[in-house]
Every structure is written in C-alpha cells, then in structure tokens.
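Okay, so chain A shows up in both of these, paired with chain B first and chain C after.
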Partner chain A sequence: MISYINGNRIEQEPNLLFDKSDTSAVHPQVYWGLRKYGPYDKDISDIRLVIMSPIEKMNNVKKLVDELNSGTPIMPGGMPRFFRCKIEVIEEVYVESMETASYEKSAFNFVNRADPRDVDVVLVYIPKTSRFLSNTPYYRVKAILASEGYPSQMITENTFANLKWSYLNLASAIFSKAGGVPWVLEDEMKNVDMLLGISISSVISKRNRAGNVPRYVGYVNVFDSFGKWMFFDGTAKPYEKSKRLEQLKELLSAAISRFKIEKKFDPKNIVIHYYKRWGEQEKQCVIDVLNDILGDFNVAFISIDDSHPLRLYDMATPDGSIPRGCYAYLNKNEILLSTTGYTEIASRRMGTPKLLRIRLEQYPEEFISIDDVAFQVLSLTKLNWATVTPLVREPVTLLFSREIAYLTAAISEQDWMSITRPEVNVILNKRPWFI
Partner chain B sequence: MSVTEVLAFYNRVGNLFKLTYNDGNLFLVTSDCTIGIDSNKVVIFNGRMYSYERIPGSRPIKPEKDLLKSMITKQFALKLKNLGYRFKGKYRVYKEEAEVENPYKDIFSIYRGFEFRILLLNEDIYLCIDPKIIFKFNSSIKQLIEKGANPNSLKDFSVSYSAEREGIDGYLIETASIGEDFVCKIKNYRDFREVEISADKVFPEPRPELIQKLLNEIGVQYDVIGLQRKLSFLDSKTASRDRLYKTLEIIKRLKSEVFPLKFGEFEVNIEETPVVVR
Partner chain C sequence: MNLELLEEKLRNIITEDIRIYLSSGILEREDPLGYSIYLFFLTRSGIEGDEVDALIDWMNSWIEDILNRGFSRFIDREFTALVLGYSTLKSINKLQIHVNVIDKIYKEISNLIINDLFFGNLTYSLIILLSLADQVDLIKVFDPVLNRVKRYLERQSLFNDPKNLVFASMLFERLDARAELNTLIDICFERLQRNEIPYSEKIYYAWVLWNYRFIKRSELPTIVEFVESTLKNVTLESFNEKVDNSVKEMYGSDLKPKEFSKIFISVLLDLVVNFKRYRLSARVPDFIERTLEKLGWEDVLLELKNALRAFDENRLGDCCNNLRMGLATLLTKIYESLTGKPAPIKPGKSTDIPEILKVLKMYGLPEDAAATIRLTWSYTSERAHIEKRGGKQPSVEEVRYGIQLTFSAIEFLLHLFFK
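What follows is the complex of A and B.
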C-alpha cells in the first residue's frame, strides 16, 4: 500500500526591487539586480568606516576596502556601481595581538574617545572562531561596540581565502549597517500590513555564562509589507522566565506604536513569525495587546521550526533534493517547505535541504492561507542583506532572531542593557547591527 | 509495491513510513493509587494515565490517535533500548557496533545512528527516520589534562557528569587543581547552582567543534569537522539521494528488528515504502 501526502510548488522566484523610485528596477537575483540597478536606497553617498585590526593585517584590510571602492572582476565598478556610494576610511585602530583581551582593550579605547554619530560602521579583522564559544574576539568586540552605538562588520582569514564573492557580501552588509536599504521585495506580501519576527525568551549570559537564575531577554524585528526591515527593539531589562508574558506585552506594544508613527496608519493584518511553537498563553497575550492598541485587527501566529528530522526528496533532480519552493502539507495549516533544494538560480548546494516546518494559526478569522504563507516565507529568504547568495534557508524574520540569540548567549546582561538604552537604541535600531 | 517500484513511479517522497495497527483497547487508570504500576506499560496523556494492560482500578477505552501515538512512541523507544540501542537525548539513537573507526578513540567516538519521531498526519501515524552521525566524548577532563591539556583552558563549555551521560548537565566554569588532583566547577543546568565535581567524572559535550578544539589543545592534528562532513553526506554530489538510500536501509533493519511492535492488545507494523508526495 502506498501512502500519500499532498504537495505543492511555488512556480516562480519572488522578484526583488532595486530602486525605490523606479518600479521597473526588478530582478529575481540580488547580484544581477545590484549590478544593473544599484541599491533600493540611493541616498547614501559616503560610508564612514573605522578599521580595527592587528597591525600585521591592517594593510590587507585597507587593500580590501580599496578594492571594494574600485571594483573587482565579480563586482565591476565597486561600491559606486553596486551601492551608489563610496567607503571612506576615517580611522585605523590597531589591536596588539589576536587574543580576546587585546581586542577588548582596543575596542574600549576606541569607544571611550569616539562619537558614534561620526562613524557608520567599524570593520574588524578577527581570528576565525566557532560561534558556539562565547569568549571570543567576535562576541566581545561586537558587544563592546554595539553597547556604545557602533554597528560592526567582522572579517576573518576565511574572508580573504574566498574573496571572490566575499566582496559583495561584505559590501552589502556594510551598506545596510550604515543605514542603507539594499533591496526589498517587488510585490507586497498578500494581506500583510506588518510583519514581526519575535523572540521572547532568549537566555542571556551573565559575564559570559548563565547566572544564579537564568535570565532572559525578548526582542522583535519589524518588517513592512515589502519585507523591508524597519527596526529592532528589545526588552529594556533581562527578566526571569515567569515574567515572559509581561515582556511580550512590552515588546509588542512598543513595536506597534512605533510602526504606527513611522507608517502613519494602523496595521490591520499582522503576521508574527516565531521560531518556536506558539503557546496558548502567548497567543492570548498577543490578542489582548492588539485588542487594547488596535481593536480592529487580524493576527496570524506563524511558527517556523527547523529542529525536526523531516525530509523530502525528489528523485528527478540531479542530487535527489526536493526543489526550492516545493512544499508538502502535513496538515491543513502545516507545511514542510524547501528553501535550499535544487534550483536553476544556484548551482552549488551542500548536503540535504533542511526543511522549514511552518504552522499557521489565525485570530479572529482567517485572512491568509498556508499557501500565502509559503510564498511569504520563501520571499523572506531573499532579504538577508548580509549575503548576495541566491540560496538562503531561513526567512529573514527567523534569521535575524537567531543571530541575536547567538549574541545574547554570549554577551553580558550589562552589554544588553547598554544596547537597549535610549541614546544607543536611537542609533542602532534602524540598522541591522546584529547580522 | 516494493520500494524500488515506488521510487521508479514517484519522484517525490518523504522520510515518513506509515505505521499500521489493529483495533484494541488501552486502559484508563482511574485509581488514585499508582504504586506498583510498571512505568514501562503506561503513558501520561493530557494529565491522565493509560496502561496497555488491564490493571486494578482501570477501565478499557478505545484510544484516540494522539494517545495511541504517544503509547507507540514509548513502546518503540523501549524496544530500541531493549535491543541495545543507546540514546543521545530523547530521539537520537545508535548502536555500539555502528562505531566509525577513528585514530583517537580514546578521546572520542563517532557512530552512525538515526533520529526518529512518530507523527500523526492526516489521521495516520508515521515513523520518521533520518540518519544521524552521533559523537561521544570518551576522555574525562582529568584524562585530557593527563594527555597534555592546560587546565586553564578547560572551561567555558558544556559538560556531562551524570552516570547515564545521555545529555549535558552543566556549564564548566573552571578546572582547578587541588593538590595533585583536579576538580571542575560547574553551573548545573537543572537548578543553576554551582557544583564541584571531580575531573575524572566530567566529560566535555561531544560537539564536533569542541572536540576539534580540545584535540588541538593536546597537540593532536585531526580533522574532526572534515570527518563529520564526509559521514553526513555533505561532500557528496548526490547528498539527498545518499541520505534517502541510507534512510531506507535503516527502515529495512528496523522492520526486521523492531516490528511488529507488540504491546497489550496491539500489534504495530511498518510499511517499508516511504510516503509519496503527490
């Protein structure tokens, strides 16, 4: 006996828009879009960059920046062509050695004398370390700089080892951390006014490890209907798990109020992505907040989980992978979506696609279908501004949450409170400093 | 239809294998007194206890599929344990004889195992199987020091120290010397209290990146990450196909080893053909 489940497929890659004043500047692939049209946001002319590096690597980093400006075979015309701006190195900060302590010393010296309003991005050369280790130059420098309002971009020996494509990834990350919008979706997502990627219980370290009682932070990334990242907000103080619903209320209320101010309308259809399964209390808490603030609303609770062993295969593709954009229905409102399987827009894949298990619940009534959600999630995989690769597994809602989760596990409570204090938040919350 | 025929006719399949079973009763335990009840024969479902055997103070019920799924999951895991499978966490299993050769077995072992789930999809119950490479750390913190590791560098990672060593127990804050011996200061993950455990009972978390770091720490140059990539099909040009065939191999073995799975009035069988996506 054969058993079946039903499947479906998104036939066409979502298009991206590369000019906010020209709706014809569209392309399905980031690389070709930037090369042909430049970025969505063409208002940035110069990016003020600080380089922080050990002395023996400084020349390499400066050369890299020069090449970003002048261009490379993959990136002909460099920053002026691809991002319509130039990078200006305004300061060089030396690090005595490759040890974490040396990086901390240089970073503290720098933040104590500089003003974040005069710097767009700090480019830091660091040794390659595992992201699972917390006491590393990556996490320490990122935390020290962010807690004083400086977005940073890290590069390692690996960046230089594979420079061909790294140039463009690096350029895009620097551009977005300087406040630019490199690209957005061409079309609005169906029936979505406001999209949130939320995390309400990321454990935060206390001096790089959990304290006597584990403490948590919550944060939210808000996107508009074109998938454009709008801002980041985090709970002001770490809290204990029993207080998570209060923190969810605080986060959501602040995010909606801010969305209303920036967009000048009340969002009606709100979609919230969460990388865990929604609990009943959490859903009710969201509904209560929306009732208080908006009254007239629809909300979609979407959980996107990749910590499962479910796989799909397609024997008709060269490697047996299920093509990108294909999905299978596990239940009426639950699908398994492939985002990194076989596709004509990218030839290089590694391993078996890890599928996204997506569940949809709605309140008070249905306003979006699970097929719409599949398309929405696939579209959102194309909005990671830190890479131009056409194959990204996670939607940006989930990806940004995960990046911040890694950071919270490694940075201290004190760093977190600095990052979320108003004078720093006003600089950082419009820039994706965590990617 | 055989597996080969299914794969010849249908391109798209999943790693889900339908479980079939007969009608039968489970027994709702209504008595407040549960002393003496064999915990292997019961499940707690929605706050109530169900046994697959009639016991005093119980009454027969026709189980809903969710409940039956829960009982099948428990009995499947128990059967695996009885057959000599070792567990890493709740759902990852391996057998000692499935160890992959490596030159540093005194420090770590690698096994070819699998991860499983039992799922209820569209009113049918399925077994999901995915091949997994499972790492185990064999050297205690004390042994790593004896092999040349600097005690000062043995900190800031997760460790296990309970006898079962099926998961991680805490976070290693410091490895300190006491006379000629060493003790590990650990933040216990259960209650976040700091405990001191003798270094010979503490083992690093068997994560490939950490194994790699600790090998380097004792001067061993061996590419653990590379080995993991190779065994996880990451270097294969037909990675998905290879993984599917490996999955089918595991199912074939489980079909003869584990199934039929019998408990109480139930006999559960598995279909060897994967679910087709149409």
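What follows is the complex of A and C.
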C-alpha cells in the first residue's frame, strides 16, 4: 500500500500560436488569443453555410448566424475579428417536423441535389436527445451528411438557452469544420514528430444488418508536433474482433504514409495515445508495422484513462483542488495528472478534478520522459477546437476518439463505409467533422 | 503626438530584440522571418545604426548557414526568411554570400506550392513574390501564385489579415500592377470612410493609405487626418480592454501583457519615419508662398514645392536639386529686380552665385549672411549631384537640414528686400 507519493508540477501554462506567419502572435488562453490575434489560419474565404431547420426555428437560427457575423458582448467584432472571415448562408433547408424521419428526408433530399465542393458546413437545428440513443436526428443527419462529404454542426434548444456562451464555441467549431485551423501550440512537443490518437475496437451499430456478432471499426487521428490535427483515417470496413491486429496494421501504415507525404519527412519519434491499456499483441503489431515502414524509429505507447477512483486534493489552494498541471508519480512511468484543478487561466472550476492516469511504455529505447508526457498531455487539453472553454479535462487525442466512438455506436456499417470511401474521405479527412 | 519619441521607442524595442536574439546561439534562433522583416523595413525606412549593421551581418551568416545545413521542418519560415533576406541584402548592396543563393531558390521553389500558394499561406506567398518580383520570368510558379493572390483581392479575403495589405500593395507596385493596386487602395479608403477599420488593424491601413496616397491625391486631407489620429492613439504600454466581468469569470483574466509582433513594430516604425518626414516638409511656409505669389515668381515657388514632393517620395537627390534651383532662381530674380540687368552667368552657363551675392551685398545683404547663403547653395548642390557621390543618395537628416537652411535663407532674403 502506498503511504506517500511524490509529485511534480508544470510551472507554466503551454502557450498557443494564433498566426501561421507571425511567431509573436502567442497567448496561453484561447479566448484572449483569438480576441487579440484572430485565428492561426487567416486565409479562409467566407464560410458557405447551409442551414437545415424546422420552419418555426429557421428565423432563430438565421438570427444566430447574423449575430455570429456582427458580434456580441462576449465576442465583440464577431467572426471578422475572432476568425477573420464571415459566414455566408447559401441555402436554407426546411425540415417538416422534429421527427427523425423528417430530418432523414430533408438530409437525403439535400445530399442528392447539392455538391459538397460548394458547401463548407451544414448547420442543423435538432431536438435535444440522449447521446446514448442511436435513432435520433443528431446521429442520422450527421451520418447522412458525412457519408456524402458534408461536415455538420448541430444546435439544439440548449444552444439558445445558453446563447451568450454558445456563440464562440459554435464559431470555432464551424471555422474548423470549414477547414480552418483556429490555433496550435506555440512550441513543438518535446521529442515528438508524430502523434496519433488511435482506436482499434470501436463497436459499430448493428443497424440495417442481420446477425448479432458485434463488429468493430478502427480509426486514427493524426497530429503534428505542434498538436495541430492533421487528418482522420478509418478502417475501410467493419470487422470482427479477431481481425483487429490486421486492421491496426492497415490503419497505421496508411497514417504514416500520409504523414510522410504531407510533412515531407519521415517521422522518427512517434507517440500513440490510447484510452485503453495497451495489450502485448497490439504493441508488437505497432512495432512490426513501424519496422516495415520506417526502420529507424522510437515509439511511445501511452494509455490515458480516467476510470479510476483516485482523487487528489491540495489544502493550499483556495478551493482545495489540486492545481492544473500538478501530477503525482505512481511509479517511474505512471502518473496521475490534474487538468481541471485550480488555475489562473479560468475562474470557474469543474468540481473535484477527475485525474488522468497516464502510463508510458517505449520501444526500442527511452526517448521521452514521463514528465515530458505530462506536459504533452496538458498541452493537448488546449487543442479542442470545438470549445474556447479554458478548462478541458481530456487531451484532444482522446476527446476526438471519444466523439467518433459515440458516432460509430450509432451509425450503420453502410454509413461508415461511405464516410471512409476515398471520394468522401478526400473532403472530410482534413476537417474535424466529428467534433 | 510626439513622433520623435515614438520613433525612439520603436527603435529601442527593435534594438533590444535584436541584441537578445543575436546573443543566443545560431542554432537556437527560431524566428529568422521576424528578423528578416525587421531588416527589410529598417532599410526601407533608410534607418542606419549599429542594430542595422548587426542585422545585416547576421542575415548574411544565417543565409549561408541555412543553405549549408539545409532546411528543417520549419521550411516555411526559413525559406520565406531566406528569400526576403536575400533580396533585401541585394537591394542595399550588402550581400556577402559565397553560395549561389538564387540557384538554390530556383531549385526549391516549385516544390513548395500547396493550393496555388507557397506553403498554402497567403502571407508567405506575398513576401516571397515581393522578394522575387524582379525574377518573374525565371520562376514558373510565380504567375499561378500571383493569380491566386489576385483572386484573394477580388474576393476581398486578402483583407482578412491586415498585414497582407502592406505586402500586397508593395508587390503590386513593384510589378506595376496598377489596376490591382488601385483596387486595393480603393477598398482600404472605402473601409476608412465607412469607419469599418478595427483599432488593431489601423496601423496597417494607415501604412497602405499613406504610402499610396498619390492614388487618392484628392483625398489627402482625409488620409493625413487618419494617419495622424492613428499615430496619436498608438500605445506601446500594456493595455487591457474593458470587458464584461462575466468574460473574466468564464475565460479568466487576460494573463498576458500586450506584446507586439515584429511585423507590427516594423510597419509602425516605417510609417512614423515617413509621416514625420511629411510633417516636417508638409508645406512651404506661408510668408514665402504669399510673397513669391505677390511678386509673380511662381517658378521659385514651383521649385520649392517640387523639392518637398521629392523629399516626400524619398527622391532625396532630386529634393536637393530643386532646393538649389529654387535658391539660385530667387537670387537671380532679386539681382535682376535690383539692378535691372540680366544675372551674371558663369562659363558653362550656370548662374554665378558668388558674383550675384557680391552685388547684393552692395544693396544691404550682410557679409556673414551672404557667406551663409553661399554655403547653403553649395551644401544643396553637393548633395544634388549624387553621381559625384558614387550614386549614393544623401541621408534623410542631411536633406532635412538642407530644406531648413534653404527655407531660412529664402525667408531672410524676401524679408530683407521685399517686406
């Protein structure tokens, strides 16, 4: 039994960069960075938006878009100031009722006549439903649109109930789904060339198919050394669990090849985040793939999970929470990291911090320390482009995987295969359509 | 608004920045583009000093170094810095690199295109095109990228990022793309009139409208007022916007004091230097103008006005020539008016200034004043003949001194003989 533990802390909040061509546009807080410097990517033309909504809600949605453009007290200057572009509504698609079938009908009608190259994002008003139900307007419309190459952003009655604070999150999500990069880390993560958030056994819905044997999909989100999300890739077809290693091989090979093409260099130090514990077979499979493709490489297997009962407190902070950036060593390669505790970057807390348990394993030799990993994970909590909230508990590698996992559990195999087919993938893979 | 003080502050910021940067090891230097932008604007503004010399030496060694070690994964910043640094050094005859830089640039440049832009980024593309504007015919990818830039202008997304306006206007000027330059200036001016320019972007708009004011000559008073008010409101101190308390509750207080980007500081300094020059020389003093008009000596007045325009447009040798011509014409007119005879001409047909002054002394021009006027004429003549100075333009300070000397001499002469 552990009677005491040692710890450490990250002294300085990681900085973010808000201009690709000006390295001095730096700020530790997303809100203030956007307000002062605008987004990292300033070359986005006006965003072409399609609104899909029931008739009685259409005016509210249009008003919301107008306010995004013109600004609000929280977002003064609106899109032109915070994201250096405007939103242009190019089409309004009406939905007959709030029933899932009506949404499906409108979405199918729309995708059958429109061209995804002419639309950046579809903004859809939907009723609020549980995330764990699959046959809802949310999942159905998201899947129908994504399978034809349209990123979508959903809004509900809750968005309007909390509109004051929704504008900026909505704006950021729409901007990134339109292909813009809102912000990245100022400094590269130490000793990292390529970072992957991977999932290899995400169960897919049994919708529209016979049989009860569960089938799975795998997917990967690839980030560069600045934590910039580069692309998403998924396995082409759902598979049975026994085939997962073959699928992992396929996924990893494709991701590394694409990384090499985009970045024009071979990654040497590769870090893979996984929200489960790494199995021996999975690790060996990764090593085999990297040996085949790269030869000279280092790989770090990092598992991050928050499903443990451990909590830490600090009596020295005003609210007793263990400060953000503090971590306790459970052993040489395992820590508990606080990402939502006391911090100067935010006034509002999220209750007792639910700590991230981080484990590190490396091959063939150590190239990164557990302290570097702590800083890396803390940095990655700042890169969720769907929110400007200063406190995000999970790193973006996990968050994105979780978002896709919710989606895969609700969509059919046909939807998944459509989303990952090359002609759709070429449009969607550079846009975080799933956030 | 104290432009002298503002200029000094900006130069101090740059000098301190350069000092810190150059004292770090060459491999740790991670912002070559920022410093090559400093160098570009400092030389453009005609600023000289130890910091500029240090930057020139650094730029030469950095270019040599990067070509030897090759580009890193930051090739976007490095390549843009290389091209801008190379063209700046070349333009001021300070390129001391033994490697064939331009061949390396030709070799790399076609591989850097993403979506018809260099590195898929508009600012990098504008800087690279601007730096290589004299190589248009030799670079295959120049035109496709330029066309993309023109499309950005048509769609007005060029205006998303105001620093792009500065580089785009210089690019269009250098390529003699009049239509695009006019469009850009028209849009900037329309936004000014509609009061649509956010505070944080005003410096860039002011720079563009000021530097290309000749396109909107009839709107000069509005532009001058805009530049003056923009410069008056510049603050280099830490500044916190007044914000709703709930913003601080939700997003935390702004934890970072105001810091300025190198591009912002460079553009602001360039604007201050150029605008200061204009304010100094904005107009011929009232007394001189009124008296010359009354006497019907518009040719003298025209020379003086041309001198100020040349100064304004950075044609410093021409400015000195107009000053000397204005002074010589005035002396000739005074001589002819007092003696009723044509002014003496030296062999070679230039006005014999010493002979004229000798005669004017007989009409009451004090001996020491005559000597000073003769020296003023020699001073401006010496600086007008840039071919005798190896093509080197006189400095801004020398010419400002010449303007003040000449105006003082003319005012004195008019007072003495025609009050």
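Just so we're on the same page, the second predicted complex is superposed on the first by the 429 of 435 C-alpha atoms of A that agree within 3 Å, B and C clash if a C-alpha of one lies under 4 Å from a C-alpha of the other, contacts with A are read in each partner's own complex, and residues count from 1 in each chain.
Throughout what follows, contacts are C-beta pairs under 8 Å (C-beta built on N, C-alpha and C of every residue); 3 or more make two chains touch, one makes a residue touch a chain.
Note that this is a predicted model, so its numbers are computed, not measured.
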Chain B and chain C placed together on chain A: clash or fit? fit
Report task. Using the superposition on chain A described above, determine whether A:V388 touches chain B (first), chain C (second), both, or neither. Result -> second
In the overlaid three-chain picture, which partner chain does A:K105 touch, first (chain B) or second (chain C), both, or neither?
neither
- [ ] With the two complexes superposed on chain A, say which partner A:K276 touches: chain B (first), chain C (second), both, or neither.
- [x] neither
TODO: Considering only the touch criterion stated at the top, classify A:S321 as touching first (chain B), second (chain C), both, or neither.
DONE: first
Once aligned on A, the angle formed at the Cα centre of chain A by those of chain B and chain C, in degrees rounded to the nearest 10, is 150
First (chain B), second (chain C), both or neither touched by A:A346: second
Inset, instruction - Check whether A:P73 is in contact with chain B, with chain C, with both or with neither, and answer first, second, both or neither. - result: second
>> Applying the document's definition of touch, where does A:R48 land relative to chain B and chain C: first, second, both, or neither?
In response: neither
Ask   = So, does A:R81 touch the first partner chain B, the second partner chain C, both, or neither?
value = second
In the overlay, chain B and chain C get no closer at Cα level (Å) than 15
Seen from chain A, its contact residues with chain B in the complex are 1-7, 130, 132-135, 208-214, 308-322, 326, 328, 330-331, 336, 341, 349-353
Chain A contacts chain C in the complex at 13, 19-32, 35-36, 38, 42-46, 73-74, 77, 81, 84-85, 164-165, 225, 263-265, 343-348, 388-390
Per the touch rule above, chain C residues touching chain A in the complex are 30-31, 33-34, 73, 75-77, 80, 117, 120-124, 127, 152, 155, 157, 160-161, 163-164, 198, 200, 241, 244, 246-256, 259-263
Listed in rising order, the residues of chain B that touch chain A in the complex are 1, 6-7, 10-16, 18, 91, 115-117, 119, 121-122, 124, 126, 128-130, 132, 156-157, 171, 173, 187, 192-193, 207, 209-210, 213, 232-234, 237-244, 247, 271, 273, 275-278
